[in-house]
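Two complexes follow with chain A in common, the first pairing it with chain B and the second with chain C.
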Partner chain A sequence: MNYTSLFGYLLGEVVLTAAAFVILIADVMCHRKDDVGARNQRMAWWTLTGLFLAAVVYAIQFAQGNANFADGTLVINPLNLFFKEVILVITAITVFFSMEEPVSKHVGEYYAMILFAAIGMAFLVTSENLLMIFVSIELLSLSLYALVGFQKQILRSAEGAMKYFAFGAVSAAFLLFGLSYIYGATNSLSLPAIAETFKGDPLMARSPVLLIGILFTLVGFGFKIAVVPFHLWAPDAYEGAAAPVAGFVASGSKVASFVALTKFLLLGVAPAAGAATISFPFTPHFTPGWAPVIALMAFISMVWGNLAAITQTNLKRLLAYSSVAHAGYILVALFGAKAWGQTAIYFYIIVYALTNLGAFGVVTALANKVGGDDIRCFAGVWRRAPGLTVLMMIFMLSLAGIPPLAGFFGKFYLFAAGLAADQMQLGYLWLVITAILMSAVSFYYYLQVLRVFYVNPASRGGPISICPCQRWPMTVIALIIFLIGWYPTALLDWIQGFLQRV
Partner chain B sequence: MLWFVLLFGLMTLVTGICAISVRNIVHCALFAVVFFFGIACLFFTLRAEFLAAVQIIVYIGAIAILILFAIMLTHDVTGEAAGGMIHVGGITGGVVAVAVAGSIMVALFRESLIRNSQSLVERTAAAPQVSVKTIGEALMTPYVVPFEVVSILLTAALVGAIVLALEQRPAKKEGS
Partner chain C sequence: MLTLTIWISFLGAAAIALMPAQNKHAIRWTALGTASLALLVAIVHYFKYDIPKAGFQFGFDAPWIPQIGAGFHFGVDGFSLPLVLLTGIIAVTGILYSWNIEDRVKEFFTLFLVLIGGVYGVFQALDIFLIFLFYEIAIIPKYFIIAIWGSTRKEYGAMKLVLYSLVGSSMVFIGMLAMFFVSGAKTFDIVQLRQMSEAGVFPAYFQLWAFPLIFVGFGILGGLVPFHTWAPTGHVAAPTAASMLLAGVVMKLGTYGALRVGIYLMPDGLAAWKWPVALLAVIGIVYGALIAFVQKDFKFVIGYSSVSHMGFVLLGLVTLNVIGLSGAILQMFSHGILSGLLFAVVGRLVYDRTHTRQLADLGGLYKAIPFAAVVFFIAGFASAGLPGFSGFVAELQILIGSWKAFPAFAVVAGFGIVMTFVYILRAMHAAFIGDSEQDAEKWKKLPPITWPEKVASILLIGCSLVVGIYPGIMTDLIDSAAVPFIQNLFIQSGH
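Coming up: the complex of A and B.
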């Protein structure tokens, strides 16, 4: 137990926390007299400085090698550091998006909350301990509830925040209850130690108390990743939140939660997976465990998310339902953990988060200038903001999964991992077929959005000028998506290399 | 001891339900006080005396009083005008709650069938006698990181709550 070395390991998060406090204080002390717009930009730069310093710290930690502190509460390895960097990038892009127009007049608090959420995410991807996972999920969720409700003058913002909070509170209760049962059954909090207990105790994988603990934990995670039937908050929260915040909820929080869920299932309770296979001459085979639950959630999410997205008239709600569907696709790869499911999940979650962030960036840049975020408001935006519409096309086609964009390869790896899960019998073929059919359905609504952007008669008004602080991050995202699409093995090799060095 | 657990459990359950279903919001708060006390008693029966004391000091001594103050300082909040609690959502919620409780009971029952009672007793007996010193050492050595994160969490909650609760001032005062 050495507090100095612990401080070294925590330095990145310490920098972020310090930045949050500096922002809170500087906003009150130094910039009180300035008008909201100027304060917003200053605070945004402070936030970006903090994020940059933390990124430098993480980059230095890459070279220092692995560390595991106290029962997995803090695990430093290349994979975790890589995801911390991804989260910092996502946060930085969110900050860039909110730079042009303040979300609320509480500017300092807004950026401080974004940093607090980022700290929660960073801790979530770096911990392999049930207690730590719960605490960081709570830090992340609390910050996001507040961020969703920041636009106090708008009623639907309050409604979204309230629903998000109510669902979050109940699911946090389930999560904590489930984690306590897992602790009771295995007598350990760290995920590798939980995995160890399966070796010594043959009954453990079938232990009903453990299984019910896992089930309740999945309720909590299901809320965080917004899968059916725990998705009900998502459309309202996304619609009510300011567009940059909605993008942050849809990307950063998803990345962190999926990384934690994958670790929990594959590192901790993998032996309690059970099975949910349906082999060729229709012989379903279900063994109790988390696999049937995940398979069910994946199945309904893909079907319901895609079908509900078709009927949406609001672009943010459409993206919310599409994110429900994407969460379903990702769950399919969890079964292929023995093959390369983990790599596929990590690959896809990064690609998906960036793409979604880009799409919400387009909404941010345009919504106020075209008079709302209903899809019909964007009619003929092609003539008014051609560059931005091209970016939107890249994001939408990548979400739909059209080659050669990154989304296609992401989906391809996910489904291939799902197939590889039960190679002899192809037991998870039913899920993969559903996923492919439902991706075909998703083409309809993604292309529908593009049709409105390009084909529908133009609304009146001259060219829309886009702030460089929004244009450049979006262009960079689009470039990354394009490059990963052309050369997917680059990111794939990276992730596989990190996984080997864990 | 078992009878105490059952008694306190029943008390907690009944007052908990009352706290969310009674119309008058002051009565709700008072039921919540009894509810917190019931939880403290359950901690006592589990021989977690320190937790029980903290529960009483923090929840009854501070939080319940704060809730009463908040009610006192808020205009026109008595809860009398609030709609009835029994509606379709309540019934569905009740069914789900019974299902959840039932599945936990089935799981516990099956667990005791799978494992012989001897091993269960051994595992329960393994729980250590918890003193304040143990809790303090655990918080400051292996669990120091979650402990620190909780403090960030409380700050974030505080900042978020203040922003959300702050009254919107008229626009002309802005920046002054």
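Coming up: the complex of A and C.
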């Protein structure tokens, strides 16, 4: 073990940690007497500087080639670095969104927490070791609990954080328990090593201990990606959290968790997949493994997430249920052929995270100025903030999967990947049909939101001015979504290229 | 470069989106200029199309998303070129009829041109993925156009229309994914898939379940009974230009998609399902006509007449003989022109002046706005099948075609034509005829017909008349695609 090279591999995370401490100290020492708004802006710029430096470090690491430290505890390859960059971008956008108005008067702690969460995410995407994955999830979750409860003066915020924490604590216990069983069955913690054990032992894929371990692990992951039935925290946490934080939870944390879940299932325990197919004409075929569990979770998430979203009156809650549904869509691709499924998931999770971030950005920019984040508050925004309405239209239609926006191709590719698993028999067609019909249901509530924004008569009040720190990131996101929608090959080629260099 | 029509429309939309909103006149002229330019391109290509050579012409093929084998593949044949032309005509006249819109002008014309661009795209794309993409691009603007500028339960009508279309497109989505994997070729290219289909790559049992998915999925937008209920409510709720577009071209997206993706690629599926489909088509014809007869709202009469006339298209499509198929395409063109005209009369010439569409409140309009009465008279009878107009040729062809395939249905469909005369006469009588003092007094202050309205109406009547008097200008073109298609079908099935 060479500690100098370890420091080299971890330099990005080290920079982020240093930035977090600098912010904590600077806020207390130097800016104590400034007013909150000014402090907020200054701390935001400090955070952005830290993020930028980390991004530069990762960019340099791109050139340096792959590395694997301590049996998969730390894996440096282009794919992981790419996702680290994505996470930095998401974090930076969150910081931009928070810049205009401080979430609370504890400004330094707020940005430090965001950075700690970012570090957790960075470790989560870079590690292929179960223990490390667990620790990163905990680091990420603990920071997010605190961030959700940050608006101390608001009761909803505390309620959301409490629910989030209670669910998180229980699911962490499940996760750890599951991991211990997997370790017991395979004698190993690193995902490639676990995959090796299947080769030597044909009965391993049917080992009850392993399957129970996987099942419990999926409970833990299910909580992080908010699929039914582990989604109950999501609406309350999203509603209670400040809008930028909710966007951060819905995008950054989702990206990292999905990357880790995909690696766990497709890299680690792929042979234990089992099957849950229905072939023509209606012959169900069922083998124990993670596939039936994932199929079931995907099915209920898509159905329940979309149906529950219809009845929501609060925009943040609606987005929470829509994110439950989207988690369901993404799971569909896990059955796909390995390369295709991975590409589809990585593609979609990036597109989804950006779109969702944009949608929460719109909420951030408007909520205080239109008097709340209930959907009806946004009536007639088109007259007061026409530019923002167009952006919202792009985000909502992309979430709904309308071409030529990126969300459409993303969904298409996910479902195609789901079918590719058993393609001659179209065994997962039942799940794909559910997914497609449920996305047709989802059009209804996305259009309802747009109707309020775009069709309903204008509420009273003059034009709303949007801080450039919110307008520009949102515009860039919308542009990216539009361009990827027309030319998805660009992003696909990247991801496929990275996957080949793993 | 027929594909220019698509990009011109989108560029026009972008240009309007960037113009200042106060400058309404410049916006209208830009929209008209854009649509006219696209129409001009379409007309030029109509004359350039080499009929003896037939097949797909003016092609453009570029790789796009190699990962799923989707390409930017465009081209037109005798099935699609008439519809491209129709789109251009309806776009130009629709803009002329929308000249009086004052509220959110910029957004209206932006959405209008995006919709037109999407429709052009569907008719020219030769890649299922691309067809699907343009199809959905065409759906979304409709929601906003109806919900913002419409009337009579506009938000309900708009939402219903969009949800029906999207459920339909979901079915298409499932069907097209299934085709993608079952063909095993990892391509969405229609030309290639057609060759594979001829080679028998889609087994009969597969076509048996995949064909209805695609056909019904597209058919929903084509007014297939019993999924037609969006059409009358949507048409009535929509502003004039939008109902023209809806009835004129958007419903044709459905029937065209059903032909190009459903029938074209899975003829065995059609052969298996032709009786149920023909039955639904005939029910549509008669049911639409009967319901139109009892409507109290003028626009609902036309709305249901669309369902009835689209029934003819569907009936023609499933006859599986040249004359029926060719009649179906011609009926798409003819109904596009005539229903556009009818909606223009009811929505723009009458409703925007009288502010009522209830037949009971109208009456005696002939004296006040004779132009509208004459236009309605011509359009109504032309759509019912008055010789000399396009409707006659199209419906005659469909009747002959269906007589060969399903004689009993042909008789019932013929009865539908008689019904058309009846409900058109009834509406005509209620709205325009009558010369009581009361009516004359009531309509004395109606504003006169403006020049854009006159130009547009005469243009549409002219199109219908030209095709009616000399059908060869359309049928030669259509037959160049229909004849080889049907011949191939019979070689394949060994007749």
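Criterion: the second predicted complex is superposed on the first by the 499 of 502 C-alpha atoms of A that agree within 3 Å, B and C clash if a C-alpha of one lies under 4 Å from a C-alpha of the other, contacts with A are read in each partner's own complex, and residues count from 1 in each chain.
The working rule: contacts are C-beta pairs under 8 Å (C-beta built on N, C-alpha and C of every residue); 3 or more make two chains touch, one makes a residue touch a chain.
What you see is a predicted model; the values in this text were computed from it and never measured.
In the superposition on chain A, contact is made by A:I433 with chain C only, not with chain B. Of the two partner chains placed by the overlay, only chain C lies in contact with A:I402; chain B stays clear of it. Of the two partner chains placed by superposition, A:A67 touches none, neither chain B nor chain C. In the superposed model, A:F123 lies in contact with chain B only, and not with chain C.
Of the two partner chains placed around the shared chain by superposition, chain B is the only one that A:V135 touches, whereas chain C remains out of contact. Chain A has more of its residues touched by B than by the other of chain B and chain C.
Within the superposed three-chain model, A:Y444 lies in touch with chain C and out of touch with chain B [touch as defined at top]. On the side of chain C, the complex with chain A involves touching residues 64-68, 129, 132-133, 136-137, 139-140, 143-144, 147-148, 155, 159, 162-163, 166-167, 169-170, 173-174, 177-178, 180-182, 184, 205, 209. Partner chain C is touched in their complex by these residues of chain A: 280, 343, 397, 402-404, 408-409, 412-413, 415-416, 419-420, 423-424, 426, 429, 432-433, 436-437, 439-440, 443-444, 447, 450-451, 454-455, 487-489, 492, 496. By the touch criterion given at the top, residues 103-104, 106-108, 110-111, 114-115, 123, 126, 141-146, 148-150, 152-153, 155-157, 159-164, 166, 168, 174-175 of chain B touch chain A in their complex.
Contacts from chain A toward chain B in the complex involve residues 1, 3, 6, 10, 17, 24, 32-36, 69-71, 73-74, 104-106, 109, 112-113, 116, 119-120, 123, 127, 129, 131-132, 135-136, 138-139, 142-143, 145-147, 149-150, 152-153, 161, 187, 203, 206-209, 211-212, 215.
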